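Quick heads-up: structures coming right below.
You will see chain A twice below: alongside chain B first, and alongside chain C after that.
Moving on to the complex of A and B:
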């Protein structure tokens, strides 16, 4: 029983991380209509920036309270610049081209991070105290609690931004109908840049929160990206709320499957993400909260 | 001799010369050159298999590293753990990759475009974990060395390496002919129609589902052949050889050569093997090779969407257009005034 509760807690906390990556993917999908396969690498690069600023041995030894916000701001700028410089020239192009472009970004960012920073695996301290609360055999670490709280706050802020501000109205309008928005005087290009910047920043927050567990390396995000995709598929690719729900569901499925299905064990956990993606796309391709697009010939 | 046969002879000439040169290569080139060309053949068949699916049928795949890995691991396990010969392992490698391809192709009926890319990417990310899970059997992350090599028939009296080279060359040539014939058949026209307008293809009576699953399975089976060739060449397999980055590189090879063309994969394979060899000599840090690849991929998508072969073709067309203009006035497009 205690083991089950422990697995549920770990699954939920991981699930919030997956939900955050999914949220980043969904924001980009809604604004540019493409699946950003480079999302994980953008977050990885930003986490390396935090590591470089904070590390005492190889970096500048700044306090995490400065390094982390700086890394998130960097991530925002990175996303905005990539949208303007790399994605914009292809806007309206065919999906296969955009797919190849995001894969090109994947390769380039991954190699550049290894070249600029290091190909070794590095440690990044947790922004939360170590240890946790023990209640009758079940442990909740402060990192897990902090992760859930931070990501909940981020999700609420994003919701407030989109639903409660004029900028959010512009972002939604530009994503929904770019040409009419342009006629209504909205700077669609700027909205796209902001959308990409926000997505990149959210991805970076997830990466910084997961870094104390998986360490900082050029391939730190491979697994998290796939779980994030699974979460986005479960929730529906055009639903930010669904992304978070999907994240928690995927986290729970992963934790329970690896705990109770002996064949999966620890090495094949990624296979649960694959199975989830496949099943949801087959049974309900629009996800739990998504809308099915109408096909026009 | 009439002009048609003349033209077909002129067309076949570069191919014949190229093939003769390649067949004769073991007598001229050293061991490194031969081994390099063998890697090119492996890459060529791999890119051809991807091109059949993505280039001609429009089904994107980031999962071909997994199909190649299946073929390579099936061969290595059969030869090393069960004492089979390479030749008896070949059908098994093709079958396993093809069956997994068919199973992966069934969801592709309902899943198109980006979603299919996502499913195949998930496959590519999961595959390297499987040998790790089955470490006792596969050697895990350390990989599996195959002691036996593909031996030349004693009657021929040639070195094993030369024999391996000719076998791989022959298989690559066969794969090329097979794909050429398929693309020029009614099947090929159906594939291209589905890529360009899948609803219209359905309307004119093409069995879209059957074609798509068949192409997916066939493409995966050819990728399995590439996996067999990989094990013959390297006599070693490890999970690191079949990561998702391999799939992305194959997509790059396809885009460089020209997707949806027959010669494109050959150019792409040459690119994928020789560019990483040349870049360090130009003073580029080898660590940055993938970055160069990535930037190149983006630039190609923008400036040369037809790849090298498309670029060459339009160059030839432009040059021949200049010569044709002497004397003949080309009809100018007229404005539609109605």
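Moving on to the complex of A and C:
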């Protein structure tokens, strides 16, 4: 019983991280109709910025309370600049072209991070106290608790932004119907930049939260991105709420399947993500919370 | 295109591209079997082509190496090659290496990048032999790369010495050209850990995390051999893939057993993750760590994690200022500083390359004939006593029937506060008592 609860806790906190990556993917998909392969690498790069600012030996030794917000602001700017400089010139064209552009960004950012920072594995302190609460045989670490709380707050803020502000209205309008928005006086280009910036910042938050576990390295986000894709597919590519729920579902499936299905064991853990993607695409391609687009003929 | 079909397209592309990266860990081992072999420990008996002096001139000798010089392991391969260059600079600075024919030759090193992909290692070896025409290879990186290149070496009768791998397979007497390796065999190290545990806790209950590949299985087999004839029981084993992002789920399962001993057969980053998770879980076993993490990496553990773990050691820590005046390390540090790239890296990342170059130079100097077979035979009759990094009492000896060079360890305990590994006793010496055995797991 304790083991089951422990697995549920493991799965949920991992799931929120997958959900956060999925949330970033969904924001970009919603604002530009594009799947961003470089999402993970953008987050990785921003995490390296945090590490560089905070590390006492190889960096500037700033407090995490300064380094982390600075890293997130950097991530926002990075996303906005990439949208303007790299994505915009190709927008409106073939989606395959854009897909390849983001793949190219993936490789470029990865190589650049190794060149600018380091190809070594580095440690970033957790923003939360180390250790955790033990109840009976079950342990929940402060990092796990903090991760869930932070990401829930982020999700609520995003919801509030989209649903409760004029900027959010503009963002939604620009994504849904760019040409009408333009006629209504909305600066669509600016909205796209903000959309990318937001997504990049959320990705960075997820990466900073996962860094104490997986450490900071140029390939820290590779597997997380895969689970993020799975979460986004499960939740529906156009639903921010679905992204988080999808993430938690994928985290739970992964943790329970590897714990209780002997043939999966731990060797096929990654494969569970593939299986989830395939199943959902077969049975409910729009995902649990996604909307099926209606096309007027 | 409707957005649903576009979604499908994206998802399919995502699967495809990520699938490719996810498969990276399972480098092919095929091609290792079915090669010609001499069936004897003496390379001179093999049906070799007449090429024993390729790569030699009266004043130079050309050697080749393949290491990951880009990609995720660039820090490992880069440091290795710098270490090699440092030693060869030292040799060349003294006029070169003197062979049995009395001629002094300067060493030229050709380094190629394999990104830790076995097929690239094989292609590099082929190019080094056939295009660059090197005399011999040294320090070839990785188990799978070495096994992939082995048939080529046997066919062309080119020595590949002191590889960067602890695969027990590199001591296989059927492939005399592919050894001895420059690291202690995984199997032997694990056997030593098992025997040590037997001596301190003969009734231990052990939970094991292991990497699901040849390395992990070699460790498992060696550990089981070490605890044979004791009351030690293995209560649970959990495996992981080298591509897994995290090993937390496995630690949850292992911690639930409440075992009194935890054997962490993981490399680098994943070893750190396992140790951090054990620490966070509140489980407090005696930890035995496979010697696949350096001290510099162990210092990146979370505060308190891994304290008191036991790990087998073979050599001094070249990063520790307290060791800087030991003769082997002093020479190394002096030359490392003079070598391009040497001042940027942590000295410990260059020691393996330095050592491989040092052993190679010894084999050339101690050959009976100045050709490939002569150097190969010298490598199979080593008794190295020069200044080096190895802990006192570890013999650096091979024989015609003993293709393992490093066959002793000292168990060490990690002291997090001091940031040091403290020796726990004398050398466990297995020289001559470590026959080749196949990994069957």
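We take it that the second predicted complex is superposed on the first by the 288 of 297 C-alpha atoms of A that agree within 3 Å, B and C clash if a C-alpha of one lies under 4 Å from a C-alpha of the other, contacts with A are read in each partner's own complex, and residues count from 1 in each chain.
By our rule, contacts are C-beta pairs under 8 Å (C-beta built on N, C-alpha and C of every residue); 3 or more make two chains touch, one makes a residue touch a chain.
Predicted, not measured: the structure shown is a model, and the values here were computed from it.
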item	value
Clash or fit (per the criteria above) of chain B with chain C on chain A	clash
Partner chain(s) touched by A:89 [first = chain B, second = chain C, both, neither]	first
Partner chain in contact with A:69 - chain B first, chain C second, else both or neither	neither
Which of chain B and chain C A:139 touches, first, second, both or neither	second
Partner chain(s) touched by A:112 [first = chain B, second = chain C, both, neither]	first
Touching partner for A:104 - first (chain B), second (chain C), both, neither	first
Chain B versus chain C as contact partner of A:229, first or second or both or neither	both
Larger contact residue set on chain A - chain B or chain C	C
First, second, both or neither for A:292, with chain B first and chain C second	second
Which superposed partner A:274 touches (first chain B, second chain C, both, neither)	both
Touching partner for A:282 - first (chain B), second (chain C), both, neither	first
Chain B collision site on chain C, chosen from 26-34, 188-196 or 278-286, when both complexes are overlaid on chain A	26-34
Intersection of the chain A residues that touch chain B with those that touch chain C	35, 37, 95-96, 99, 103, 114, 119, 222-223, 226, 229, 233, 265, 267, 270, 274, 277-278, 281, 285, 295
Chain A to chain B touching residues, read off their complex	34-35, 37, 86, 89-90, 95-97, 99-101, 103-112, 114-115, 119, 222-223, 226, 229-230, 233, 265, 267-268, 270-271, 273-274, 277-278, 281-282, 285, 295, 297
Partner chain A, residues of chain C touching it in the complex	1-4, 6-11, 13-15, 17-19, 21-22, 72, 74-75, 212, 238-241, 243-246, 248-250, 252-253, 256, 268-269, 272-273, 276, 280-282, 297, 300, 302-304
Touch list for chain B against partner chain A, complex	54, 58, 60, 62, 107, 110-111, 113-115, 117-119, 121-123, 125-126, 129-130, 132-133, 199-200, 244-245, 248, 251-252, 255, 285, 287-291, 293-298, 301-302, 305
Chain A - residues contacting chain C, complex	2-3, 6-7, 10, 14, 33, 35, 37, 95-96, 99, 103, 114, 118-123, 126, 130-132, 134, 137, 139, 141, 212-215, 217-219, 222-227, 229, 233, 237, 254-255, 258-259, 265-267, 269-270, 274, 277-278, 281, 285-286, 292-293, 295
